[in-house]
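Have a look at these structures, which come just after this line.
Two complexes are shown next, each including chain A; its partner changes from chain B in the first to chain C in the second.
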Partner chain A sequence: MVDYVLSLILFIPLIGAALTLLFTKSRESARMVAFVSSAISFVLTIMIYLQFEPGIAFLGFQFEEKIGWISSMGINYQLGVDGVSMPLILLNAILCPLTIVYAWGESKLPNQFFALILVLQAGVFGVFMSLDFFLFYIFWELTLIPLYFLISIWGGPNKDYAAIKFFIYTHVASLVMVLGIFALYFSTGVNTFEIPVLLEAFSDIVSAEMRVGIFLALFFGFLVKMPTVPFHTWLPDAHVEAPTAGSVLLAGVLLKMGGYGLFRVLLPMMDSLGPYRSSIITLMAVLAVVSILYATFLALAQKDLKKMVAYSSVAHMGYVMLGAAAFNYMSVSGAMFQQFSHGLITAVLFMSVGVIQHSVHTRIIPDLGGLADRMPKLAFLMMCGFMASLGLPAMSGFIAEFMVLTGSYLTLPVYALLAMVGIVATAGYHLWAMQRAMFGSYNEKLGEPHDLANFEMIPMAILVLLIILFGVYPGSVMEMFEHASKIIPGVMI
Partner chain B sequence: MNYIELASEFAPELILTIGALAIMMIGLFLANSQKKVLGYLATIFLAVASLVIVYRGIYDIQMEGILADSLTIDPMSQFFKLTFLVVSLIVVIASIKEYDGHSNQDEYYTLILLGTIGMMVVASAIDIVTMFIGFELASLSTYALAGFNKKDPNSLEAAVKYFIIGALSSALLLFGLSYIYGMSGGLTNISELAVFFNNNPAVLQSPMGIIALMLIVAGFGFKMALVPFHMWAPDTYQGAPTVISALLAAGSKKMAFVAAFRILLIAMIAIKIDIAMVFMILAIITMTLGNVVALSQRSLKRMLAYSSVAQAGYISMVFVVMSPEALTGGILYVMSHAFMKTGAFIAVAALGYMLLKENSNAKDVDHLDNFAGLGKRSPFLAFSIMIFLFALAGIPFTAGFVSKFILFLSVLEGGFYLLVIFAILNSALSLYYYARVVKYMYVLPPSSDEKLKVPGTYAVAILLAIIGVLAIGIVPEPFINWAASAANVLGL
Partner chain C sequence: MAVDNIVYLIPALPVLAFVLTLAFGKKLPSGGGYIPILAIAISCIISVMAFLQIYNTGIPIEVSAHWFSVLNVGILIDPLASVMLMMVTFVSLLIHIYAIGYMAHDPGKPRYFAETALFTAAMLGVVLADNILQFFIAWELVGLCSYLLIGFWFRKPTAAAAAKKAFLTTRVGDVLFLAGIVILYSSMRDVFLERFPAGIPDGTYLLQFSTIFDNISHIDPTNLTIITLLFFGGAVGKSGQFPLHVWLPDAMEGPTTVSALIHAATMVTAGVYLVARTFPMFIASPAVELAGITIPATLTVVAYIGGFTALFASTMGLVMNDIKRVLAFSTISQLGYMMLALGMGSVIGVAAVGFAMFHLINHAFFKACLFLCAGSVIHSTGTNDLREMGGLMSKMKITGITMLFSSLALAGIGIPFLKIIGTPIGTSGFVSKDAIILEGSYVFANVTHDWIPFAFGVLAALLTAIYTFRLWFMAFTGKPRQERHPHESPATMTGVLSILAVFALVFGMLTFIPFNIFVGHTYDHHEIEELAGLAGNHVIGHDEILDIAHHASPIITLLPVIVGVGGLLLAWVIYNRRWISVASIGNMRNPLFKILAKRYYQHEIFIELISLKFTYGVLALAGEFSDRKIVDGIIDGISSFIIGGAEVLKKIQTGVVQNYATATVLGVGLIALILSLRWVI
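So, the complex of A and B:
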């Protein structure tokens, strides 16, 4: 079994999706089948996580599988994990079952709903596991379809616009990315789509312009997915309209695909960029800082709680970009950890907002007020999430941002200082929103809200516990990231 | 080569000929209610002919110059013949229900079989006169088929438009070919022509030669529905009976591609002038116009027609790049497109059939509004339409993705960056209108809650097309190799 464990993890959700879609008639059976299949994936992921040896080098893959697929073009079905992908696979394996539990009460077309979540999970697993660009691209595109439907069937009032905007933005970006992949394939001339081989051959491309063109095409694909200002506008729309489960997975794992691409594909290329390297780094740093500051201030101005959380996602992904741009071992592993930690934190935030929306039917901050009075459990868990998001020590977000900023200060001091301005405003909007929405006197117009149901509380509580756990003891996840980032060619140690 | 051997080489065509005649004769003795059996008969003939082709071999087969050097049997001809046969097979299966009880079923199936023979002759022809005759056989049959619903003014309009434009394009083509014939001193064999023009490049570069080439390009352009020769296609595809639209888009249009592959590629290599630029402009305009106009269509058949125009634009990139890889991609694209388009049209036809059965006065059954909530009314039909549309858009695990991937890759390899960027942007654009249909089917509420039951023969036809789309998408290797061996025939 161990030989094909990655395939099992990947395909069990897909099989689960087919079963849910075709054979479950009631809500009860649909969610049970969905939960069981994602739980099996989770257990298998934990198994390989425990067997994983972080010491083995970057691009030294474990649990590899390789089957020839379209051999005339050098395309294989090839999976494997290393220190960059293992924790993200874990993140995906954790978030999906929790999301399914959170959506336990979904009553609109439940079998389709849970099937789409499982397809999404499989797509994200595929992206993190693929070692072949063709396969990578297929899974990258596969994630679009379920989310498109999640938004356009279960979404809010303006769902059509949001769904199509999401689709077009990310699809165009991935087409540009595929151009980059094509160009990489041809200009290296190795006649294979294997990612590690292509990355090694990248430095052999003679023309520096070609190298930088390939880099930028791929960069654009990842940039839109992360997303980074100025290509972020699809994200708030998608989040505002998406159902909570969709938002959790969108912010929790889908955005991480962009960051993953950065670490998996682009950073190993960085050292071969020659004369363009410094300008690329400046570009990345500028985009990162603009994302952090701009999105933070936008978040400060939002009236819609969910939109605020969406913008906070953009800002937090800005730290990922900054850490990558600083290109030293500390900042890069911090950025990788930021991805992992933000996935957990943002899930709590979106779940909290979802509960509020569900319970008092609005999430406009000025209309709320004093919810802590009537919903103490929510207030506690939400407070934990917000504190983690603003970077309170002993929570995972603190470690990530601390490492990113410290690391960036070494190589990009000005940008790091600018980003720190963002930290202040970040604390500001989180606390201000909490204050207005949750504390103070209760707004009686909101009726009698019910506090968290068990199926909502359990996933949120688990996530908060994990956030604290990784905040106090980042342990093996951090170890994997550190090993992975030390071995990137040309990275400053 | 004696007659027995000859007959065995052309067994598929002969089977269809016998079939066509038999169906016509048997039809005389059957009451209208019994004529359904003719559909099954046609299905059997087409299936047997396809099996014979597969049995004869599709990869390593090379038979130059049969029947006074007019026909050949090579991987390319086998590839296209099988494509045409499968398309006709799917169309015939779907028609059984569509025309159940119709008094002219015998003519209908006879014409489909004859048209298929014509397409197969074109696929095999290495002689410009034979090729033209095949062209005409296929065209004449499809003119009649387009107007088959003779009480429906739209169908008649479609047929007349198709006929006039078709006749014009045949005339242009024939005129161009006659110049070639005259300039080469009476050569009709394509490979001999290639040798001749290689040795005498000045002939084709003379004004006369340029005019001849332009006439041929225009003639093929009409058949392939390249912009600006595309105006007939949307009207015809929309007005013709939907099952016949499938045959037109997937069969007779692709016949023009195989002919153009054989004639134009050789001619263009011979003259080595910058005709690539012409085709580049044609390709870019065709794909962009097709997609942009498709965006605003509310009739699904019309939308599919414009999407078909756009897809022809993608395939015509082959004439720009002219590399074996591009030709492989183009050939594979032809087969993929045949499955996707046939499937999509047949699925639309199935919906139209069911709606008309519900309410025989229904108008515009292919209007987008009729697709609202189809996911609830007929999950099977909605799901299959979704697969076909996603395949047309080029979503992974479908034939459309694989063939686009290979084609675009080859264009990039050829160094035509601008062209590939246009193609990719167009591909993104097209997703919008395909996804809109999917949205209608799954997101919008249905107009009535009554379930629609897809008739059995339609379901079989749709399933065949789905199998084709997914097989090429998931196990592309054998199909790529096959297309590559077909592309090798031209020896680029």
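So, the complex of A and C:
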């Protein structure tokens, strides 16, 4: 294995982006260059995934790289992976090439389009790999830019509003996060931005109020990204206007950065919060349950299929928060798995909605009807996605939700039971949408739609197979998460 | 032992059949229907082999492997699972064979056979599970398949709606069930942490049935009652018990063979099986006080819900005109009997499981037969409406006779008092229902002086006989009332009907005693007695049950048959002889008829009031309003405030350095002022 394999995984998409943007003349060459570069990243990711050893001590990173950068401030270019990040890197490596294949037919400015997807991929890789807070922040902000352009150039009718709202909302949250990072840097006085060092030094900060302040500032940044109610309203707007590929990556990997922040940075701090720990946990649990229930009922109210899927994302990310709040290894590993699983599932949902939009030019549920008659392949894959999303066993979402609920019940029983109230309504909006959009007699006003093209069907089918695979055998992904969550200081075993 | 190594094939083969039929069904004859038939036939043979092994050795088959985290996957075939396995595979096999003929003209055959294969596999997964989570997983897959199959003709809006209703209604029960599992895990964890303070040893699977049953006495009694009540909530949903039965009559929208599968072999029996499977937990659950409210012992709840459902559903069965809907209500009612039987466990112990399971198996035969007969009738007359049928006996002899036999079984007709080597003589429905009413609810009443379950059982038996023969007389006797010329169905269909009818007639008589002894071995009698003791109950022994039942007054013993025959005669008088005018009772001016025909306004309450008005109209739309106007309104408000502020600031930004200097001086002065004030104070 080469020494700089993480850098390779990270920079190959960036190089691919540059090549796509600068040197490709046609759509065919643009998408091919984009696909090949994300595919190389994927292959390299699989290689490190197979070599990865779960069960190394807390803050024990593998494949580490470190190059001095701004030494006066203690800033390094430092990468590494552990059980928290490895499966998410895998998720990112899986989703991006599939999204590129799905977008194979993109005809509007294809070289820019595919280049932006690759930049996005690199940004997300960077967030998951960075072991330096400064670097982490740079990548964190880097992801905003491609998505901003994806929405504002390839978006729907209200794209300018949505793009600006997305950018400013999440950017303001990032600034609060940066305040937290600097406060952490200055109050620990270790003169380095190394995440492991700062996390170890966090408990040495004398003032408990300072520790909570830092925690909350970082928390706010992650909270908006996930997003958690009441800081979620940028998400439905962004999704409604974003092109399908943008939505897939936004929901599939970008939101996961928020959850990743919880696991990477905040949970290790939890044990050092002293007297404030229980209030913080209550805050997180309340936000989680409110997100789950509120977003579920909102999903039920939506007429736009895509907006419904967007709200379902908010509800599903609520499980991530709940599992983190419960702070025992079962709930935390369930929450981590929920991130991984939701990335796969939501991609299928957004792809399904995208096909409908593309093929009958509307996705307003009451205007659809009987699509299964003309689009049986779509109906099949969409049904698989919807079933996974409503938590059907033998699919990955169930494993995650079961772990989160069972784990949460151990430490936060009331919240766990409240969260379960949403399960029936979750099934309700999924099936009701299916019934109105896909079943019944075909609505002839929709014209003659075409069923899935191969480049749409293949990525969706691969995702469905993965969802079932991880639902039947969570295997090594779950194992990594479990080891990673067991070694968080103070977590209940 | 060889069988242990191949039992996993029992569910695996139908899963494989699902995949193959889905992938290649279009290119094969009969839509690939022979693949699931072959697979299920082999599963059936392996099930019989497994039965023979545990019958001979008396040792259950157990296979288990690590799954992930703290969970395992495994197979448990004990007597309870074994009888269920044979029934499911055998009945499902017959229904698949029948479907070759029945579905011959449907273009969706490959999808149909793939889904029914998966349906069977999921049900086998329920039966074979050795831990409660795996049970739940298969249970949910059963729900998925029922959704897909009820909505099989998805172009029909009513089918799509019925499928959704079935899934969501059972989902309510499923959530309760899941909550029960979550609480059970926590309780079991507490038990083990007390025993192993250093940490639960690896390889201990807290959700495995054997582990749970060994530790019931350590689980907090309040938790145990809550857990079992939640489990029962799941069973109420799946087995169509009041008040979650509303999905089952609508589930008729699928092909009739699907109805037969749902009502006989798969799906609805899963709830009864759940209670039987976790019976040691149920019997140990006492009545508890929780937050000042007394919660009755779980088995009492089971008995009352079951008995009430048996009666309640049969009242609606009286007035339905859709042939399948009558049968649907009869299923709900018969499942009520099974629950009633299980509820008697607090007095008769493990015999309750035997009675319930025996009725379940008998019911599977005669209900499958009834549905497939109904399918044969619908196939040839092209209508579901009983009012458009009549005089079919002359055209469809085999269907008519097999349906008569299975109707006799459903109505529980037999010969009282006559017993040959301890076995009562009568149709299988008679044998099993009689046992539930006499050796179950009568003995229960005799010991506890609670006659309500008994009364439910007898009244429901009367109504059952009436609606069953109402159906038969309306369809097969009298003047033909339709234009079409009905014809008998093909041999694959009538052959299956004949086999099932024979089982409906004689299975009960032939197997009553060995069945109950065999299933009785599922649980250790002494353990059950001890567990019942935890709930403050005293379980009486087998001999004592028989003793009390035998010394019942002749009226009591005769009662089930009297009401059965009486109901039959009443139906004959009204619907065959027509001495009493149907129209004079059965019209909408009669308030009793109206409320029955409207099914107690359940649709209005559950669908329109709760689902649409409340969940959608109130919760969802209020949420939408708050999200757009309040939550997002605040954000937009803040941003327009900032933009507005920026407009003001833009004017201040004059570019004249002096102005900035003035502002800086003023600002510094202000800060100095504030700081000095602080010093002063």
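The definition used in the following text is that the second predicted complex is superposed on the first by the 491 of 493 C-alpha atoms of A that agree within 3 Å, B and C clash if a C-alpha of one lies under 4 Å from a C-alpha of the other, contacts with A are read in each partner's own complex, and residues count from 1 in each chain.
One rule holds in what follows: a contact is a pair of C-beta atoms (placed from the backbone, for glycine too) under 8 Å apart; a residue touches a chain by one contact, two chains touch by 3 or more.
Keep in mind it's a predicted model, so treat the numbers as computed, not measured.
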item	value
Chain B versus chain C as contact partner of A:Phe167, first or second or both or neither	first
Touching partner for A:Glu141 - first (chain B), second (chain C), both, neither	first
First (chain B), second (chain C), both or neither touched by A:Phe350	neither
Contacts of A:Phe470 with chain B and chain C, given as first, second, both or neither	neither
First, second, both or neither for A:Leu175, with chain B first and chain C second	first
First, second, both or neither for A:Trp432, with chain B first and chain C second	second
First, second, both or neither for A:Met330, with chain B first and chain C second	second
Touching partner for A:Ala394 - first (chain B), second (chain C), both, neither	second
Chain touching more of chain A, residue-wise (chain B, chain C)	C
Doubly contacted chain A residues - partners chain C and chain B	168
Complex contact set, residues of chain B against chain A	390, 395-397, 401, 405-406, 408-409, 412-413, 420-421, 424-425, 427-428, 431-432, 435, 439, 442-443, 476-477, 480-481, 484
Contact footprint of chain C on chain A as seen in their complex	165, 168-169, 229-230, 232-234, 294, 297-298, 300-302, 330, 333, 370, 372-373, 387, 392-394, 398-399, 402-403, 405-406, 409-410, 413, 416-417, 420-421, 423-425, 427-428, 431-432, 434-435, 438-442, 473-475, 478-479, 482, 493
Parts of chain C lying in touch with chain A, wherever the complex brings them together	67-70, 133, 136-138, 140-141, 144, 147, 151, 154-157, 159-161, 163-164, 167-168, 171-172, 174-175, 178-179, 181-183, 185-186, 189, 199, 611, 615-616, 619-621, 623-624, 627, 631-632, 635, 639
Sites on chain A touched by chain B in the complex	69-73, 134, 137-138, 141-142, 145, 148-149, 152-153, 160, 163-164, 167-168, 171-172, 175-176, 178-179, 182-183, 185-186
